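Labels A, B, C, D, E and F are assigned to the chains in the order they are written; within every chain, residues are numbered from 1.
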Amino acid sequence: MVCGMSPEAFDRFAWNLFREDAPYGDRTTEALELRGRMRGRFLVKDDLVACGLPAARRVFELADPECLWTSRFSEGDAVKEGNTLAFVRGELPALLLAERTALNLLQRLCGIASMTRRLTEAVRGSGLRVCDTRKTTPGLRLLEKYAVRVGGGANHRMGLSDGILIKDNHIAAVGSLSEAVRRARARGGALWRVEVEVSSLEEYGEAVAAGADVIMLDNMSDEDMGRAVRAKPAGVLLEASGGVTAERLPAIAALGVDLVSMGALTHSVKASDISLELEADPDAA
Amino acid sequence: MVCGMSPEAFDRFAWNLFREDAPYGDRTTEALELRGRMRGRFLVKDDLVACGLPAARRVFELADPECLWTSRFSEGDAVKEGNTLAFVRGELPALLLAERTALNLLQRLCGIASMTRRLTEAVRGSGLRVCDTRKTTPGLRLLEKYAVRVGGGANHRMGLSDGILIKDNHIAAVGSLSEAVRRARARGGALWRVEVEVSSLEEYGEAVAAGADVIMLDNMSDEDMGRAVRAKPAGVLLEASGGVTAERLPAIAALGVDLVSMGALTHSVKASDISLELEADPDAA
Amino acid sequence: MVCGMSPEAFDRFAWNLFREDAPYGDRTTEALELRGRMRGRFLVKDDLVACGLPAARRVFELADPECLWTSRFSEGDAVKEGNTLAFVRGELPALLLAERTALNLLQRLCGIASMTRRLTEAVRGSGLRVCDTRKTTPGLRLLEKYAVRVGGGANHRMGLSDGILIKDNHIAAVGSLSEAVRRARARGGALWRVEVEVSSLEEYGEAVAAGADVIMLDNMSDEDMGRAVRAKPAGVLLEASGGVTAERLPAIAALGVDLVSMGALTHSVKASDISLELEADPDAA
Amino acid sequence: MVCGMSPEAFDRFAWNLFREDAPYGDRTTEALELRGRMRGRFLVKDDLVACGLPAARRVFELADPECLWTSRFSEGDAVKEGNTLAFVRGELPALLLAERTALNLLQRLCGIASMTRRLTEAVRGSGLRVCDTRKTTPGLRLLEKYAVRVGGGANHRMGLSDGILIKDNHIAAVGSLSEAVRRARARGGALWRVEVEVSSLEEYGEAVAAGADVIMLDNMSDEDMGRAVRAKPAGVLLEASGGVTAERLPAIAALGVDLVSMGALTHSVKASDISLELEADPDAA
Amino acid sequence: MVCGMSPEAFDRFAWNLFREDAPYGDRTTEALELRGRMRGRFLVKDDLVACGLPAARRVFELADPECLWTSRFSEGDAVKEGNTLAFVRGELPALLLAERTALNLLQRLCGIASMTRRLTEAVRGSGLRVCDTRKTTPGLRLLEKYAVRVGGGANHRMGLSDGILIKDNHIAAVGSLSEAVRRARARGGALWRVEVEVSSLEEYGEAVAAGADVIMLDNMSDEDMGRAVRAKPAGVLLEASGGVTAERLPAIAALGVDLVSMGALTHSVKASDISLELEADPDAA
Amino acid sequence: MVCGMSPEAFDRFAWNLFREDAPYGDRTTEALELRGRMRGRFLVKDDLVACGLPAARRVFELADPECLWTSRFSEGDAVKEGNTLAFVRGELPALLLAERTALNLLQRLCGIASMTRRLTEAVRGSGLRVCDTRKTTPGLRLLEKYAVRVGGGANHRMGLSDGILIKDNHIAAVGSLSEAVRRARARGGALWRVEVEVSSLEEYGEAVAAGADVIMLDNMSDEDMGRAVRAKPAGVLLEASGGVTAERLPAIAALGVDLVSMGALTHSVKASDISLELEADPDAA
């Protein structure tokens, strides 16, 4: 697996990125007839959590199968500003072709892992698991959910096929929360828990009564979430969702809910600041 | 064209997004045996610039070829919080399948267009064109560069195949700036201007002497940029790049440079806040 | 959805089947210069459960977008020998192109649905759910698991991504059953139950103690399964698996296990006997 | 070629199978954090004819490019119950990922080759060639026709592009058998023989008169087939088809027809019983 | 079928051509913000045989699903200089996008059909069939072989999968011509004739003795070919190949060989001269 | 890059060619059960400019990853009749599979490079650059434009996305030449020159006045072109186009235009005469 994708899927994805950037090749490099071996150094210009190194490496390998990649960091390592995340040696045209594509991936994945790390650190020891959502960048879900894991977060559903989550629209269409839970139990897979989203304590009571296994408390006040926790039957998990900010996280953790899901982990990411510095390859003869 | 992509490329992209989200179908909807026609309303929860409506519409059409999409807004319209961006009517399972995919696209594209609009408004009338970069989300370049255009910004190169831009690494590899420009002129297409990136007034002088058509002033102080503008030969364009923030933009505009490029337009986007509200279809019998 | 596949995935699959059968076109039809409109009649030559009609219909529509398909049967209907499963009218070359591909699909899916129906009927009322396995024909999993549902069976995991099932190899690699369950709980999704496969009452006891949510009784005697049922804690599900034949099914149902999984449902299917009779189109002018 | 498929086509097919089984990876293996090298042993639990070993091997190589595959059997070898068909050593996660996919392929192909072998042995020495049909599993035609060859059978047409076979529908559309043969001669390729399907001795006479090169005797009694054989002109081949069972085969062989085609070879296959036993890798340090 | 390709294969091919020509859209049209409906007229500037009209039409339909195509010519019609091959009405941006792609196809296919027509006319009535070879433009084989048929020529093998043709390299590898023919008979399909290439009368004698069904006379003098014709057994076909020019064709026809194959039909084509004239749409309001 | 294509794009293209030629494998080779290692020699039967060697080599490597390719010629070398362009050693079935595909590519690319070389030699020293057009064989544009470069020619636009070229249809749609140039300047990329096609000296004057950077003189007489050259403002480039033949080239060069574009370079190519001779591998044990 390459950052949560199968090797074949990642390669197809990466070739697509090359096509996106250079459908007719790199015109500048070709016009200048650049040649020769060089070394690239990924310079960290911002403290970050390393994430996406195998993906970036693979991008360079596709551009130049002979390139050499070395790094003293592993996925999930905290890396301070001024460090070199990795070195890559190879033919200059390949380095220039892969540079932007690799950086775009790396900056985004490090950005997600770093933000997730900050949030999970903030609630460390509380038992609260910080989860992502389906609000991922179109086409990057597997990579982004991987970055959340690297940052210490937990993945919620990978998608609509990956578990049952009953929301207000479902309940409205079925007629009642309890009937929705009943159908989900009868037709859903034997291996799944049934999650229900509720937005009031009244609905929460209904969900408990209907036998939901996981209950998502949507946009509830801390006070109401506290009440829900206290009324929680054994074996049921509670998830806080909606309007959750970094600031609110410790307070939510203190309430005793089990999971919190935050769309911002993936939909509003600040890219980490990393640059690629090219220099003479010290090992070239 | 669908938001800058060919209809066929967009459809392939969108089917991929469905596969990403629901490789085995929507388990909740299927387990609950949901049926019937409903109406979805895209509610704007944050002032924004409309962008991506044709893409979102197409996502719904792929999920339900019979669905109906209506909107009183066009691409580029400023839309106030509380407005309905668009309505979509169709079969409930299709609406639920398309909902998240459409929202993820719409929120991102509106986010880019809105940020670009804010920046271009800030320098309105100055003649400065606000450009994007190649720092786009992997796989979304055509859509994101389209959103920049919708927001009033200009596209810089679409990618490495799309024009010649000589940077420090190229110059180092070729040996000198003037030789690099000479090669680009000899081998590049007859229809292109040659752009050179410089980071000092000394290099700027070299670029002018070498006959560069466009000169990118990288991470220069306002003072130095001012000097460059004053020394600019007729017919040459100047581009400010690196370390450009929204705050600095008016000052840069005042200097008289022609173009400014900002990676943040596409790599650190805040998604616009839009939700899809489902309700009974008022036209259903 | 077309028989459990997205419309786009089914179309790609079907075009592949045409390429498999006719990479250079239908040489006989072309050499004979056949033309004209005809009607095809799917004749049932063996009692069966209808399954795959939307897939067969779509195959004809791809071959001739103007073709007309009519059927008085729905998926899951029991159809007696001698009945006409469906009619299709269209251009003769298209009918001849689609004929074999449609029949190959239809015969297989009807075969699976019919066998599943026989088995589920045999345990009707007992509460035992008859499940499929991952022993499906390569490339046809979604279609075959759909046919199992149409026949009244239940789907077990769609694949390795679809739930956690701990087998002997996993336990051997981890070191102990209880540690394996512990890890699965810590790292698996919040919405899932953890299933463990055991092959003795001793292992069964361990699985119960470790807190498994579902326990697969692999190749156990009826006697041992009976003991397991009697020792089952509340909320735990038991699944019989391995060496389950149609004959043994009623006995297993009587024991009180919740699920039984049978590879034979999909890996050793007898195709239903259906033929396509072509005749003059009664509606052609 | 990998079991009748080009290496590239087989790889695409196999990656598809991985996607079918594990679109989000192997959740169990990942949750349990399994690691380490192991050895898998393909245990034969049923006498069979080996078929599909290169395909199974390739599946493992795609999952783990470093895996080692060894087997003392070749395609077509008869293997007795209790033997080890092959060994594969590699990383445990890769073995678990490839296991089911490889087994599903292997069991099906061995099943087809074994059945074909039984049938061809039954008519050994008679000169009768046992042929397959186009009644193959959708998507697996090249593999299944390969298995028929491995089992000692002959391939009939690969598909509609692969030779001219005139059936009743064609004759009805053209107007007469002799006109159909005439057109096929005039427009078919110079390298082909023309086959005609007949269902009575009367039609047989027409086919002979029209100059058919191969004549398919469809659903004829042994008596009628005997008459046809006796009336066969030099250079013409006869093919028995329809309603041919294993039991009838020796009698048909005795009649002196040249070819017999049986759909059951591929459409109603019993999978061979093979399991993969994982064990400590004896060569691991 | 669209000019010998399945509709789906042609569409994929055509979308590829658009990507080849316009990966980022049509920059000129977009920069000029062109809009409005126009009519295009395919003007014939050189006598030609019409071929490829359905392909050209489909290219326009993909660019603009609402476009209208009309033509009074059919595939194979001789069209004089100055005639309008077809009209197409649609949105200007779509017409400009499709123009070059459609012309490139049309000019090539008309060129092949026209050259084939000239050659077949030159031997009309002689019974000699003019065949193509596998020397087709990479990627265009189905289209080019279709154009040969439209021009009145016959297709030889579509490719390596389409019949058995034994050449000198095969014979060298097998050991002898007769053994090669023997193996081809034993293992080749029942529906095929076996063709052997010979380059001397001695080899010709061997091929006849070995029972070849078709014999290719490679680069033989007219005199030797005449001898071969006189020595031809009943039922055998002779094919002249190698060094066949338009000038030599009538002489070869006079010899009495059955087939002649010419690589030049497809590998050295002169494009027909056709232009697309755009004009105001007379039907636009 | 493989002859102007990315390695991944070339591989996909080449696998397609194998599928085109051998969807069911090479029937002759398989029926004859050919085996063993041989050497192929590409014999030049016509003076030519070498082009496409990396493409031909890759085709063989895909057919047999163990094959060995050697050549003493590089792309662009002039090679005399009778020379061996390259040797390839490998398994016989792979050589036979790759032979035709490699030759079809090689003959076409050598043909284009050779014709381009002849034309560029004819105007050597004149400063005139010989350019290709978009009149390339559908699907082969990148390869053909590469062959033009190898032959010493220059590439004009790669396609519609690659620069702005304003033609009569655009001008008609916009209303005036000057407005079209104005729009192109306002909305086109900063790095591009704007080209305008004119067909009279009057239009030429307009184009100059409008500030066009490059002006295409379409189908103009030598006399008018001479006048245009004399009236050319500094910094503007002139391109001769339409009706340019090899014979006219020196006269055009003498006029002093900068560029000439010729569709014949790619749309009416005579394939170079190259054959592949197979022989015993001298290095085989």
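By definition in this document, contacts are C-beta pairs under 8 Å (C-beta built on N, C-alpha and C of every residue); 3 or more make two chains touch, one makes a residue touch a chain.
Keep in mind it's a predicted model, so treat the numbers as computed, not measured.
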Chain A onto chain E, rotation angle from CA fit, given as a multiple of 5 degrees:
180
Which chain has its C-alpha centroid farthest away from the centroid of chain F?
C
Taking each chain's C-alpha mean as its centre, the one farthest from chain D
B
Taking all residue numbers used at the chain D/chain F interface, answer same if over half belong to both copies and different if under half do.
different
Chain C and chain F have mean C-alpha positions lying a whole-number Å distance apart equal to 53
If you average the Cα atoms of chain E and of chain F to get two centres, how far apart are those centres in Å?
22
Centroid spacing, where centroids are CA-atom means, of chain B and chain F in whole angstrom
34
Roughly how far is chain A from chain F, going centre to centre by Cα mean, in whole Å?
45
Touching two or more other chains - residue numbers and ranges from chain F
19, 22-25, 142, 158, 161-165, 189
Listed in rising order, chain A residues that touch chain F in their complex are 15, 18-19, 22-25, 62
Flag every residue of chain F that touches chain E in the complex, lowest number first.
13, 16-17, 20-36, 38, 92, 96-97, 100-101, 103-105, 107-108, 134-142, 159-166, 169-170, 172-174, 180, 183-184, 186-189, 267-271, 278
Give the list of chain F residues in touch with chain A in this complex.
1, 4, 6, 8-9, 142, 158, 161-162
Could you pull out which chain E residues touch chain D in their complex?
129, 131, 154-158, 161-165, 189-195, 213-214, 235, 237, 239, 258-259
